[in-house]
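You will see two complexes here that share chain A, one where it goes with chain B and one where it goes with chain C.
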Partner chain A sequence: MQLFGQILVNGILLGGLYGLMGLGMGLVWGVLKIVNLAHGALIMLGGYALYFLYTKAGVDPFLGLPLAMLAMFVLGYLLQTLLLNLIVRSAQLNTLLLTFGLDVVFVYMAQLLFTADFRTINPPYAGKNISLFGVTVPYAQLGAFGVAVLLAALLYLVLDKTRTGRAIRATAQNLVAARLYGVNPKRIYAITFGTGAALAGAAGGLYGIVSQITPYIGVTLTAKSFVIAILGGLDKPLGVIGGGLVLGIAEAMAALYLDPTYTDIISFGLLVLVLIARPAQLLGRA
Partner chain B sequence: MRPTKFLVLALALALSGAASGQEKKIALGAAVQLTGRLANTGRYYGDGYQITVDKINQKGGVTVGGTKYQLALRIYDSQSDTNLGVRQYVQLLTQDKVNFLLGPFSSNDALDDSSVAEKYQVPMVQGGGASTQIFSRGYKYVFGTLPPADDYFSSTIKMMGKLDPKPKTVALVAADDSFDVSVANGTRKLLKEAGLELVVDKQFRENNADFSSILSLVKSKDPDVILWAGHEGEALNFIRQAKSLDVNPKLFYSFTVGVPTADFRKALGKDAEYAFGMTPWLPEKELEDDWFGDAEQFDKEYQARFKYSPDYHAASAAADVETFAKAIAAAGTLDPKKVRDEIAKVEFQSLYGHIKFQPNGQISLPQTVIQIQDAKVVPIYTEDFIGKPRYPIPPWSKR
Partner chain C sequence: MNRFRWLVLPVAAGALAAVPWVTSDTIVQYGINALLVATLAQSWNIIGGFSGYPSFGNSVFYGLGTYGTAIAMAQLHWSFGSGLVFGAVLGVACALLFGIPILRLRGPYFAIATLGLAAVMSAIIATVEIAGKNIGLILPLFRGDTLFYELSLILLVAATATVAWIARSRFGVGLVAIREDEDAAQVMGINTTMYKVAALTVAAFFSALAGGIHAYWITFIDPASAFDPSLNVRMVIMTLFGGPGTVLGPVLGAFVLSAVSEVLASQATGVASLFYGIVIVAAVVFMPKGLLDVVQGFRESRWRYFTDNIRRYRL
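Right after this comes the complex of A and B.
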């Protein structure tokens, strides 16, 4: 029973981080109708941003997170303004091609600039933990979970309460009507993609604290984000965190009670199940 | 690349091209992971081959039947894609017409790429695949300079018999790729023979990033020893997550890879301390070599040129090139079949160790048990103790 509790906690903590990874992908997908194949690469770049902030400038990773997110927001904003806006309303294949190309470019630039060495963000408290009712709760993972939930709640509030947030949702729901009310879609798209990149950056930084960063972590994370975004319902922030939790817990449980080699089968099995049970989720929106 | 550097390089290339116009060449080809997820270890092969080819050429090349030949190296970047690697090996033989093949990194790749060598009956000497699967197919053209994966933990398990307190229970955690499956199979057998009890035996998916479930299971069984087999990136995750979940083996833990590399210690910092591991090679003066002088000299020249330390992968790569140099000279011809027969007979002392292939094509080298102590790799055990282990290792809370 104690083991079960420990696995559940592990799954929840991991799931929060997964949710954060899916958040940016779901937002961009839901609003811009772009399946961003470079999402994992943005996570990776955010990880490097935080790594260098910590190792070169000595900024505490959790305090450096907003800075890394800001840098990633600027990158995302520029990418959308200069590149993606050119083709945002053409066939979806074009956006897939472009984001795939961006992914390749980012990954190889990262190897050239940062080498393939393994980087870890290792603040003194990274390995510390507390024990609650016989269950070990690591601080870093708990912190990552907290940040993920906080950012999801923040995104929810922004989308729901602010003028920009409403403009984002309006653009997603009905572009023509939104324009009639004075929304500038290109600007909204840039803000949305920037926000998606910033969220990816945050996920990357936290990933560097609990795991490690190399130029190649992105591929797997893009696939996971894809699954989570669909599970959670694209631009519904709290839903996406829920999707992350489902995946995190399912993976942790499968690793213990089935076999640790089954984790990928679980991720994509869940995806297939959702597509069978609720295909409208995908087809209706994207 | 800076323009001046580029110019110098272009000039050097042009000059070497002009100078070698009359010289005869022996072309060695390989597809190596210079980019992609295995690039971190793949670079040892690209760089190890290059420095050895250059060294042999500098010392006069290879004499074949009275004629001097220079070695030429043709390397493709397989981008850590096994299928691409196979296509590149076919291209090396059919279009580039290289004379002989060197290998890629990792057992999964060597397993597939060596089939190309066998099909075209061109010998491949590879220093990157240790899995016994590669050598159990009855192939005649594949030779390997990494010791068999089955035996990776052999010296560690022998050492366990002499440690005080003596370990009794073991948790075995291994990845599901070709190399680690071989390691796990061999280790299970060795543990049984040594009368040790296996309390956890778990396989994980290659590239796995989350070890929390396995670690929690290990913690619940409280084993004396954790034996771990996988690739370096996974080892880093395992150790960091073991720390954050406060999972401690009662006596010690050991890792098949990672521990001998500088990168491992850099990424983990203090958390790398006490980790046991193994290596078939250490840069020692006693390992004499015809071209480099000795292993220490190789280590120095390699660091000076590539700005990072070589580990056994790089030394194994160097031994592959030297094996060809010896075998081709002995054969007195470039005929692939005759050179293949000479490789099977070759026996010489190299910077990597004593090179002699068993009938199945694989080398046999003992693994030295090592431990990280004060950020240094300290040799602990070969046939007997050669260093003092820090044992039992302290739990995370007392470090």
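Right after this comes the complex of A and C.
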């Protein structure tokens, strides 16, 4: 029973992080109608950004996170303005292919610049933990989970309360109508993609604290982010965190009761099941 | 000129067939790789180019062909021919088994499902006892680059002939209809599910055979190399670069890009892949219909061809 509790807690802590990954994916998908296959690569880049902030500049990872997010926001903003806006109206096949190409570019640039070595962001408190009812909770994981939930709540507030957030939601619902009401779609698209990239960057940084980063972590994370975004619903930030929890717990259980090598197989099985089980209904109003 | 057009292809194929007898071993080895990857591009063209379903998981069929041949030859001591058949059966079976559920998905849902399959397939194979787990398999040694070269060429010609037939047949028209508007195609009485599964199965068949030939040529396989996801990058980009949904575009794209990447690969690892990524991005933005269309469009409108492409799709 205690082991079960421990696994459950591990799954929940990992799931929060997964949720954060799904958040950026779902936001970009819902608003721009682009499924960003480079999302995992953006997560990876965020991880490296935080890694170098910590190792080269000595910034505490949790304090450095906003900086890494800002850098990723700028990258995303520029990508959208300079590149994605050029093809945003073409067939979905083309947007998929373009982001797929971007993914390849990022992965191999990272390989050339940062080498393929495993990197971990290892702050002094990384090994410390707290015991609650016999369940061990590492501080770093707990912090990552807290940040993920905080960012989801923040995104919810921004989308719901601010003028820009409302413009984003209006664009998602009806681009033409939003335009008629004075929304500048180029700016909104760039801000949205930038925000998606910043969230991916945050997820990548936290991933670097609790796990390892290499240039190649992106592909599976893209697929996972996609499942989570569907599970949670594209326009519901808190629902997406819930989707992340489902996946995190499923993986933790699979690692315990089957074998650690099966975790990716399980999450892939879940992926196919979720996809086949009529995504339109899961998405609500899609 | 037009009167002799039909001669161009047989002459080109004949010239390619003569390569092992007139050039060096290095060129033949490079040629085998180029022919096999051109076959993969041509197979991807059937599902990705004609029916417009962006599969990022065709490397799985190639890998299964590789493993089928290797298991048959190394574990069961079958001949190379039966090994190839076994590999092709595995690839086709996977296409049917996996294609029927996921080809009901469209656009991004389909793309992600194939991406996921490609990402986990090597992990799945690494748990199978008869496939040598994660250590891999060693095939009987057979040195005969010329044979492998000619086999690869025959396979590419067969794949291209199949695509040429598809392009003219009712089947091919149905696939293009699915690409342009799947709902309309269905209303017009096309059994879209059957068409799509058939397209994926044909693609899987040729990809698996390419894998089988490569396995016996290279004689050692392991999960990481057989299910190398970067193969997907290459087949997609070569088709896209040459001209998706055309008969000769993928072959042209594969030959041009193989030559360029061979030069780049000698510089540093990863540079060639980086180049592929940049080509995908540039191709989607400037020439979404591929090299063949550029040749035609450029004759008519010169440099405006590229700006017109952008103007059409930008926000």
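Criterion: the second predicted complex is superposed on the first by the 264 of 286 C-alpha atoms of A that agree within 3 Å, B and C clash if a C-alpha of one lies under 4 Å from a C-alpha of the other, contacts with A are read in each partner's own complex, and residues count from 1 in each chain.
Convention: a residue touches a chain if its C-beta (ideal position, glycine included) is under 8 Å from a C-beta of that chain, and two chains touch if they have at least 3 such contacts.
Quick caveat: nothing in here was measured; it's all calculated off a predicted structure.
Applying the stated clash criterion after superposition on chain A shows that chain B and chain C collide. In the overlay built on the shared chain, the residue A:Ala126 is in contact with chain B alone; chain C does not reach it.
Contact with chain C, but none with chain B, is seen for A:Leu83 once the two complexes are overlaid on the shared chain.
Of the two partner chains, neither chain B nor chain C is touched by A:Thr162. By the touch criterion defined above, A:Ser211 lies against chain B but remains apart from chain C after alignment on the C-alpha atoms of chain A. When the two complexes are overlaid on their common chain A, residue A:Asn174 makes contact with neither chain B nor chain C. Using the contact criterion defined above for the overlaid structures, shared-chain residue A:Leu275 touches chain C, although it does not reach chain B. After overlaying the two complexes on the shared chain, residue contacts for A:Tyr108 are found with chain B and with chain C alike.
Residue contacts after overlaying the shared chain place A:Leu93 against chain C, while chain B stays out of touching range. Using the contact criterion defined above for the overlaid structures, shared-chain residue A:Pro260 touches chain B, although it does not reach chain C.
Taking chain A as the common frame, chain B overlaps chain C at a single listed stretch, which among 23-31, 113-121 or 383-391 is 113-121. Shared interface residues of chain A (contacting chain B in one complex, chain C in the other): 108, 111, 220, 261, 264. Residues 52, 54, 56, 101-102, 104-105, 107-109, 111-113, 115-120, 123-124, 126-127, 229, 233, 236-237, 240, 268-271, 273-274, 276-281, 283-285, 288, 310, 312-315 of chain C are the ones that touch chain A when the two sit in their complex. Listing the residues of chain A that touch chain B in their complex gives 2-3, 6-7, 10-11, 13-14, 108, 111, 116-120, 122, 126-129, 131, 136, 138-141, 210-212, 214, 216-217, 220, 251-253, 255-256, 259-264. Within the complex formed with chain A, the chain B residues making contact are 35-37, 39-40, 43, 80, 176, 202-205, 207-210, 212-214, 216-217, 219-220, 232-233, 236-237, 240-241, 243-246, 263-264, 266-269, 271, 396.
Within the complex formed with chain C, the residues of chain A that make contact are 29, 35, 37, 83, 85-94, 96-98, 100-109, 111-112, 185-186, 189, 219-220, 222-223, 226-227, 261, 264-265, 268, 271-272, 275-276, 279.
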